[in-house]
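In what comes next, chain A is part of two complexes: it sits with chain B in the first one and with chain C in the second one.
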Partner chain A sequence: MSEIGSEVLVIGGGAAGMSAALPASARAKVTVVDDNPLLGGQIWRAELGKIRSPEAKLLIESLEAGKITVINNAHVFGPDSYGRLLAESPDGTIQLKYEKLVLATGARERFLPFPGWTLPNILGAGGLQAMVKGGLSIENKRVVVAGTGPLLFAVADYLKAKGAIVVCIAEQAPAATIRRFALGLWRYPTKITQGTAMRIRLRDVPYLTNSWITGCIKSSGSSNAITATISRRGKTVSLDCDYVACGFHLVPSTELASVLGCRIEKGVVVVNEYQQTSVANIYCAGEPTGIGGIEASLVEGKIAGLSATGQTDAAREHFAERDKTRRFGKALNSAFALRAELKRLAGPDTIICRCEDVEYGRLTEFPSSREAKLQTRCGMGPCQGRICGAATEFLFGWEPGTVRPPIFPVKMENL
Partner chain B sequence: MSFDVAIVGGGLVGAACAASLSERGQKVVVIESTGIASGTTAAGMGHIVVMDDSEAQFALTRYSQMLWDRLSPELPKLAEFENCGTIWVASDDEEMDEVRRKSAFYAERGISCEILDECSLRAAEPNLRQGLAGGLLVEGDSVVYQLFATRFLIEKAKRNGAELIVGKKALEIGANAVTLSDGTRVLCGRVVNAAGAAAAELSPGLNISKRKGHLVITERYPNFARHQLVELGYLKSAHGSATDSVAFNVQPRSTGQVLLGSSRQFGAEDGEIDHEILRRMTARAFDYMPALRDLSVVRVWTGFRPATPDNLPYIGRLPEHDNIFIAAGHEGLGITTSLGTGELIADAMLGCEPAIPIEPYSPARKVAEH
Partner chain C sequence: MITLTINGSKISVEEGTTVAAAVICSGETAFRRSVTGEARGPLCGMGICFECRVTIDGEVLKRSCNITAIDGMEVSTDE
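Coming up: the complex of A and B.
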């Protein structure tokens, strides 16, 4: 077991983590830990070893030029009894000592169960994108992109650029809400530019609003082809495709904050204006404080990095910008709020917890996730409810269960 | 509304009492402050095991095991009842002597068991390391998913008319009523205190302390282990002393997961994971079963065994209180001994001849000590 000490320890090498590390390194010994082979996080994750975004390149180069220690391929799985964090790496466990901690652990997709969702080739939208980034060929494959949120656009755009035939984008939100949200974007010029460019590239892809996936079955004939049914303005439409990429917006990854005792309310880590959590020496930036997109992650990261190293005046200079990104986040989350009809997609036999094969029908009688877990094993598997937890929260209104270490599966010898 | 019996505590012990009493026609209510099977029962390992610490412990574990076997055809698949047997693993010649003693003890009392030499031990459990001396296979022991079993017993009691009050704490046990946290009084002819580690809060004469334990569960590795495996040093290290201890204890779940125990700590009040003892526990396990190192762990948790000074539970009438019965203090064996406890309580309450003598577990034995 090796030990690494830092004044400021940053967990997460995405936009938020990197932008926290940079200003902090002017004053302190900084370490960034990320579980991926390369920095960049969810959005800038390297594609076949190459970083594309110029902005990300700049950040990564500055990080590498600075006095910042970067530890890749290390999964932080929880605290030990001595106030250190433990990370599993290919070389065993690393004990991470810190004075100040910045949590920049990002978000993951929410997946909602519907009949047939466990068939092969039905994937999370971000998941399919990651597989293509990792080398899966999508050329000439028909893909239905369904769910909600701007991520659907980003994924469709990406898949199309890689040669996929995007059959349609099925967006559950009503057209009027989306129009209102889009009109509000004039306050965020970069979003408009990105959005417009994407819209132009996707002009021949049908963007169906008020539409959501209601089920999938295997098509007769060729092996993995799927027939997806979409409810569109009250009518049912059947679509043939090779892949379904689904994502119902994002859920903040708050497990690490939770095991460290930081207060969490309504699914997000509570922070003050300096991005400080309820635990005095722990800061949090980016998606865990509320889904807000890349700009929010960048500016929150900066504030967290500055505040953690006592540069509070400099931190204050970014408050206005941060507040603006927060307003954007709010508008985003309310525009893509999930409609009640989605709660009724699952049938009694639809699997909710994939790790433990627990069907919807067995869960309806329980008042809480804890009782359901103890009596049906829902959420007890390797993912520990990371996937089904966001679904059961929406479907049944259950609070997520207590998070216990390890927050990721870890080899026993590395505990 | 009035009941024949109010049972305080909806752990496995309380549930077993409810099932036994309601089966014999008693109108029962179970009062549970937090949730059915949410206390120590939620934390335990689910090993149904015959023990030979003392004659009294043997009698209760053996009797209970027979009751489990009788119940097992009724248990739904989700209760994961599996008759996997136990292998007591001996690491050296001294422990092999213990194997022979144990084997003789069991054989005399009609428990089928088999002495394994080094070779047959390895054949039975290929993931054990080479060079262990041997072991004792006790075939009748089983494993159960006790949370589901608790629920099953509660449902059974409900079919016999039992009622549940969940979410209210019992504050006081009186001669003919239990007072709840919201001020209501549940009127009843008799009370069973089955509040586990909290039983002494309601019946102050009892001597029950908390013995903390850690458990580790892995992803699925079917056939990694086939029997419950316990090191023979277990008794020496676990029950023998008042200091913290760890022992090699591995359980194959019917899901294919591997459940690893166990540690024993006195005086630890909070449920946090103690990494020092956890590492001692895993190191001990690697010593017996090196391949455990590479298994992927999904969760670690702790629980508190309700321990008594002589390692026997309190079962029976509280002295000087005709209407109050105790069913608590089952330490690390309460999953096994729950069913026997339920029957003994029903016998004592209804004046029936018990299947085994109940005196060794009398709450009077400790109360008298004070």
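Coming up: the complex of A and C.
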């Protein structure tokens, strides 16, 4: 087991993590640990090993120019003793010692089960985008983009630029709510510019509001084609496609914060104005504190990095900007709130827990995720409830189960 | 270009390609069999869901979406 000591240890090399590491490195020895092959997180995920965003490149170059240690391909799986974390890397286990810890563990997509959602070629919206960035060819493939949130738009835009035929974007939110959200964007001019440019590039792609996916089956004939059904204003529409990209907004990744004892309320890590959690030497920035998008992640990261190294006056200078991005996050989350009809998509034999193949019909009798887990193994597979937990929370109102280390499956010899 | 073996067949992909993308490129959509025998493929694309897990160079349960393909890699799916 190798050992790396830092004054400030940052977990997550996305927007928030990099943004925290940079100002912290002016005062402290900083290490950034990330589970991907390259920095950038999900929003700046590399395309065939290359980062495209000029903003991300600048951050990465600054990180490399500083005295920051970057460890890629390392999965943090839990705490060791006090002030130490353990991570699994291709070279074995690394023990990470820290004085201050910044958690920038990001978010994942929320998936809602519908009949047929476990078929191959049905991916998350961000999931399919990530696959294409990893070299999957999407040229001339027909893609139905469905779910909710601005990510659908960004994904459709990206896939189309890569040669995909985007059949439609099915957005479950009502048109009026989205219009209200768009009107409120005047405070965020860059969002308007980005949004308008995307709308123009996607002008020939139907944007269906009040519309949601109700099921998928394998098409007869061609082996990999899918027929997706969409509910649109009370009518059912069938669409043939090669891929379905389907995501229902984002869920904060709070598992590490949870096993470290940080207070979590309503699914988000509780922080004070300095981004400090309920555990004094642990800070948290970006999506785990509430879904707010990239601007929120960048500014929260800065505040966390500054605060963790005693630069509190400098941190305060960013409070107003942070509060503005939080208002945006709130508006976003309420505009794309999930409609009740989505709770009724799954049939009795629709799989909810994909790791253990637990169907909807077997879960309805249980009062909590704990009971369901004990009786059916729901949430006990390798994803440890990361996928089904967000679904059962929405479907049944269950609180996610307690997180225990290792928070990722680890090879026996590395434990 | 990178050449790897997927289920016994050689396939060449661009440098930087993930193992998951290479598997689909080889024409395979069933990355693993679920507990009840369903064919499954990648869902989250970011190492969370474990649906894309395959065997790489003899090591089982590797999340192919988070691993970059390298020359000479041996991958097998559908286990």
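Quick note on the criterion: the second predicted complex is superposed on the first by the 412 of 415 C-alpha atoms of A that agree within 3 Å, B and C clash if a C-alpha of one lies under 4 Å from a C-alpha of the other, contacts with A are read in each partner's own complex, and residues count from 1 in each chain.
The working rule: contacts are C-beta pairs under 8 Å (C-beta built on N, C-alpha and C of every residue); 3 or more make two chains touch, one makes a residue touch a chain.
It should be emphasised that the depicted structure is a prediction, and the values quoted were computed from it without experimental measurement.
In the superposition on chain A, A:Arg370 makes contact with chain B only, not with chain C. Of the two partner chains placed around the shared chain by superposition, neither chain B nor chain C is touched by A:Asn140.
In the superposed model, C is the one of chain B and chain C that contacts more residues of chain A.
In the superposition on chain A, A:Pro409 makes contact with both chain B and chain C.
By the touch criterion stated above, A:Gly381 is placed in contact with chain B and with chain C alike. In the superposition on chain A, A:Ser81 contacts chain B only, with no contact to chain C. Shared contact residues of chain A, touching chain B in one structure and chain C in the other: 381-382, 409.
Residues of chain C that touch chain A in their complex: 13-18, 20-22, 24-25, 29-31, 34-36, 38-51, 53, 61, 65-68. By the touch criterion stated above, chain B contacts chain A in their complex at residues 35-38, 42, 78, 147-148, 151, 216, 218-219, 255, 260, 272-276, 278-279, 282, 286, 292-301. On chain A, the positions that touch chain C within their shared complex are 35-37, 42, 46-50, 75, 108-109, 111, 118-124, 126-132, 134-137, 224, 351, 354-357, 381-383, 386-387, 409. On chain A, the positions that touch chain B within their shared complex are 80-82, 368, 370-371, 374-377, 380-382, 384, 404-406, 409-413, 415.
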